[in-house]
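Once you've had a glance at the structure underneath, I'll fire off some questions.
Chain nomenclature is as follows: A, B, C and D, assigned in order of appearance, with residue numbering initiated at 1 for each chain independently.
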Amino acid sequence: MGSDSAIVQAARVSYGKGTKQINQDEALIKYLMRHHHTTPFEMCEIKFHVKLPIFIARQWIRHRTANVNEYSGRYSILDNEFYIPEQVAKQSDNNKQGSGEAFDSSTSKEIIDSLINDSNLVYSHYEKFIEQGLAREIARTNLTLNYYTQFYWKIDLHNLLHFLRLRADQHAQYEIRVYAEVMLDIVKKWVPLAYNAFIEYSLKSACISKTGLEIIRKLIKGENVAREESGIGKREWNELMSILGK
Amino acid sequence: MGSDSAIVQAARVSYGKGTKQINQDEALIKYLMRHHHTTPFEMCEIKFHVKLPIFIARQWIRHRTANVNEYSGRYSILDNEFYIPEQVAKQSDNNKQGSGEAFDSSTSKEIIDSLINDSNLVYSHYEKFIEQGLAREIARTNLTLNYYTQFYWKIDLHNLLHFLRLRADQHAQYEIRVYAEVMLDIVKKWVPLAYNAFIEYSLKSACISKTGLEIIRKLIKGENVAREESGIGKREWNELMSILGK
Amino acid sequence: MGSDSAIVQAARVSYGKGTKQINQDEALIKYLMRHHHTTPFEMCEIKFHVKLPIFIARQWIRHRTANVNEYSGRYSILDNEFYIPEQVAKQSDNNKQGSGEAFDSSTSKEIIDSLINDSNLVYSHYEKFIEQGLAREIARTNLTLNYYTQFYWKIDLHNLLHFLRLRADQHAQYEIRVYAEVMLDIVKKWVPLAYNAFIEYSLKSACISKTGLEIIRKLIKGENVAREESGIGKREWNELMSILGK
Amino acid sequence: MGSDSAIVQAARVSYGKGTKQINQDEALIKYLMRHHHTTPFEMCEIKFHVKLPIFIARQWIRHRTANVNEYSGRYSILDNEFYIPEQVAKQSDNNKQGSGEAFDSSTSKEIIDSLINDSNLVYSHYEKFIEQGLAREIARTNLTLNYYTQFYWKIDLHNLLHFLRLRADQHAQYEIRVYAEVMLDIVKKWVPLAYNAFIEYSLKSACISKTGLEIIRKLIKGENVAREESGIGKREWNELMSILGK
């Protein structure tokens, strides 16, 4: 529902004659994105049918501004489909929430086999419970978090872009990032002008703190800035330097 | 966006094999409405372009689940269009928020003329302010609440029905009720099965309190129930008797 | 945050002089609940710290109007704590989503032992994964849905009562109903007047459909009504008769 | 409801052992704000009682995440209180939505007198309508947008900070900015650590676009960047240079 022109149409009602000067749609959409005038982007709406592992569904559902209809294990029998990573990685040291370097191939195989075995085992018992007539709402509690669920998920473009900004980020778990990347492609085809503005002013932008801006001003003047005197911590400093290409 | 079949499609994903028995769309939609399974109705979305007086826009906007882009008096010049009721009514005695009986025709004319005069007067000064170059954001504060604004208003079907239940109600102000009635007609054409279920289980239904249900049970048994012994107040009693056709 | 008097205070601002007549707090709160004037109830807010199995957390989180901070298996190691029902029941025949009659004791024991064994098994592998240094975000996917998580959950009173109406209902899963019942007790102590109004006008009330009301009117007049001629289905008829104590 | 320590408490549940390293509350709150981990800030809640002109209430109410109870002109009689600016300014040329330079004192006086006269006039007719017994819901439509209303407004800290970021901004209308500034002082006293983090990472921060970051990287290297070759428009360029102190 909606398109780039629905965004423009809503903006021209909101800002009326004030938008006459910006006579090209592309420039207007960029202007809206740049100034966080988010409501015109809410005029577009999209519905996805998503199949995804339960542990990813649990992250996904935290975005509260969407409409959701999820497959229910109370009413229905879950299929024997579960997610196993193609390769497994170690807990990252410096990024508390992410994955780090790869395992050697024999440990990797051992872990993956163990994941597969347990998934098969719990499903075989789930099936047996169902045959015995156990209430589905209890039988399903024996399944592991890598089992697939599915839902219809409907959201407006503004909130979708907010979701994609967080979930296409490198700090997001790999398994949700791959969904975000596919959805970014869909957005690109659906609303190309909004997509470009999103890349420029949101996804590839950076928010620089008050102190960060002061440092940048000094650096541009050619002054030296020492991390220790800057008033910001080591990790934040490294992030800033990485943004500045230093 | 969406239709009766989108509701059915979402419900069948949610409730899966549990919905196989209800093989007709109409019966399924009635079942969903009756049991307050509201999420499938959220799969339909509609956008209205509404022109309405500011005092009505202020009531309307209190429904927080919609997406809105309103004409802005900060950016644009408001048109010389205002709302005047065709006939004016007295403050109701027993309904604290509503309108009661009509005025005699001469008082009615006097009031309506006064409303028109003031509307014209404040607009002539507004126009003069704009000519003088006064900031629009201040100039508009001289307009009365009956001036027209407009917005795009986008909402999902579940929340639209909730809006219509409240605003098509006889306790709603007449001036918003006429909008609600037009919107009800649109819903009827758009999603006829959902509309019928809404009329049956929501708009024309009644919520009966715990004590009200006890009274009904006695009445059905043929017992007499005195208001004084029922434990409920006079006004609530009258409402209950009116629902029961007594 | 807030109390019965905060509800009253907000209502008196909203409805101003219109509420002067209702000079007792109890009557005013009943009036607000009866007429679905819900915003004054939003002035009270409560925060719970809840420990609950993941399959219940997944139902709980669908209520989108709350603020939530949940324990994260990406950052932290989950404890070896899982939920096992004290007794297991068969899938209900007439209630598609619920539990029905109990198993004989030997089948019951067999099922419960199987649930316990699998829970212990997947945790032992989870622990091994963590020791091997596997990324936590993947290791946790091997846990079953009966493992405990925890969250802070903060919500306003109006939305809490809506949650409790749905989750204290007999159609809700037993495992979430026990939480709802404890929370009802807390509400009773916190805002006793709002609690009483909620029981009378919401939890123990019934919404009667348009056709249902017509049937009730006939029954009160002493007329006979045959199910077949009533225009409503068998299940709906039975529910109505049960409400009417027939 | 809540304090800096409620934010910390919620974050420590969410991120569990992952937050042990950050053992000081101040550093943790900064970390959360910097990384847009917004949910812990939702654990604090505040209620304001605000008296404000209707045209400001209309902007304010667009923030949909708050709970509101507003004084109703349908139930109650509005007081004879209206807002008149101390000094009036011309429509800004380069800021389409704002106020620009001041008028000469005689034009200023003329405009202000006109605003006062109209406000008094419409109220005198409003009073007369009420005396005649006109329904309040119609009588109030004769009042101008500068008349005062009031509401209770309750919101969580995360959404309050979002409101303050937009409304304490120089692009916001002066008349709402003065409210935002008073509220910022209240936040400072209530949750001083969150306030400081907000100033550093949000209010005084700047989001730099993809192209903007490329320009900064060149400037830091001592390269010259011409606006015409930069790929960004004149207004955006000026804003960037202003941020960079050039």
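Criterion: a contact is a pair of C-beta atoms (placed from the backbone, for glycine too) under 8 Å apart; a residue touches a chain by one contact, two chains touch by 3 or more.
This one's a predicted model, so the numbers in the text were calculated from it and none came from an experiment.
By count of C-beta pairs in contact, A-C exceeds the other of the chain pairs A-C and A-D.
The centroid of the Cα atoms in chain A and the matching centroid in chain D are 28 Å apart. Chain geometry summary: the mean Cα position of chain A and that of chain B are 37 Å apart. In chain A, the residues that reach two or more other chains under the touch definition are 15, 18, 68, 72, 75, 96-97. If the chains shown are joined wherever they touch, the resulting network links each chain directly to all the rest. Touching chain A in their complex are the following residues of chain B: 1-2, 9-11, 13-19, 39-40, 42-43, 45, 47, 49, 67-72, 75-77, 150-152, 154, 156. The touching residues of chain C, when paired with chain A in their complex, are 53-55, 57-58, 61-62, 64-65, 68, 72-75, 83, 85, 88-92, 96-100, 103, 107, 111, 114-115, 118, 121-122, 125, 128-129, 132-138, 140-146, 173. Chain B contributes residues 15, 18, 27, 34-36, 96-97, 166, 171, 199-201, 204-213, 216-217, 219-220, 222, 233, 236, 243-246 to its touches with chain C in the complex.
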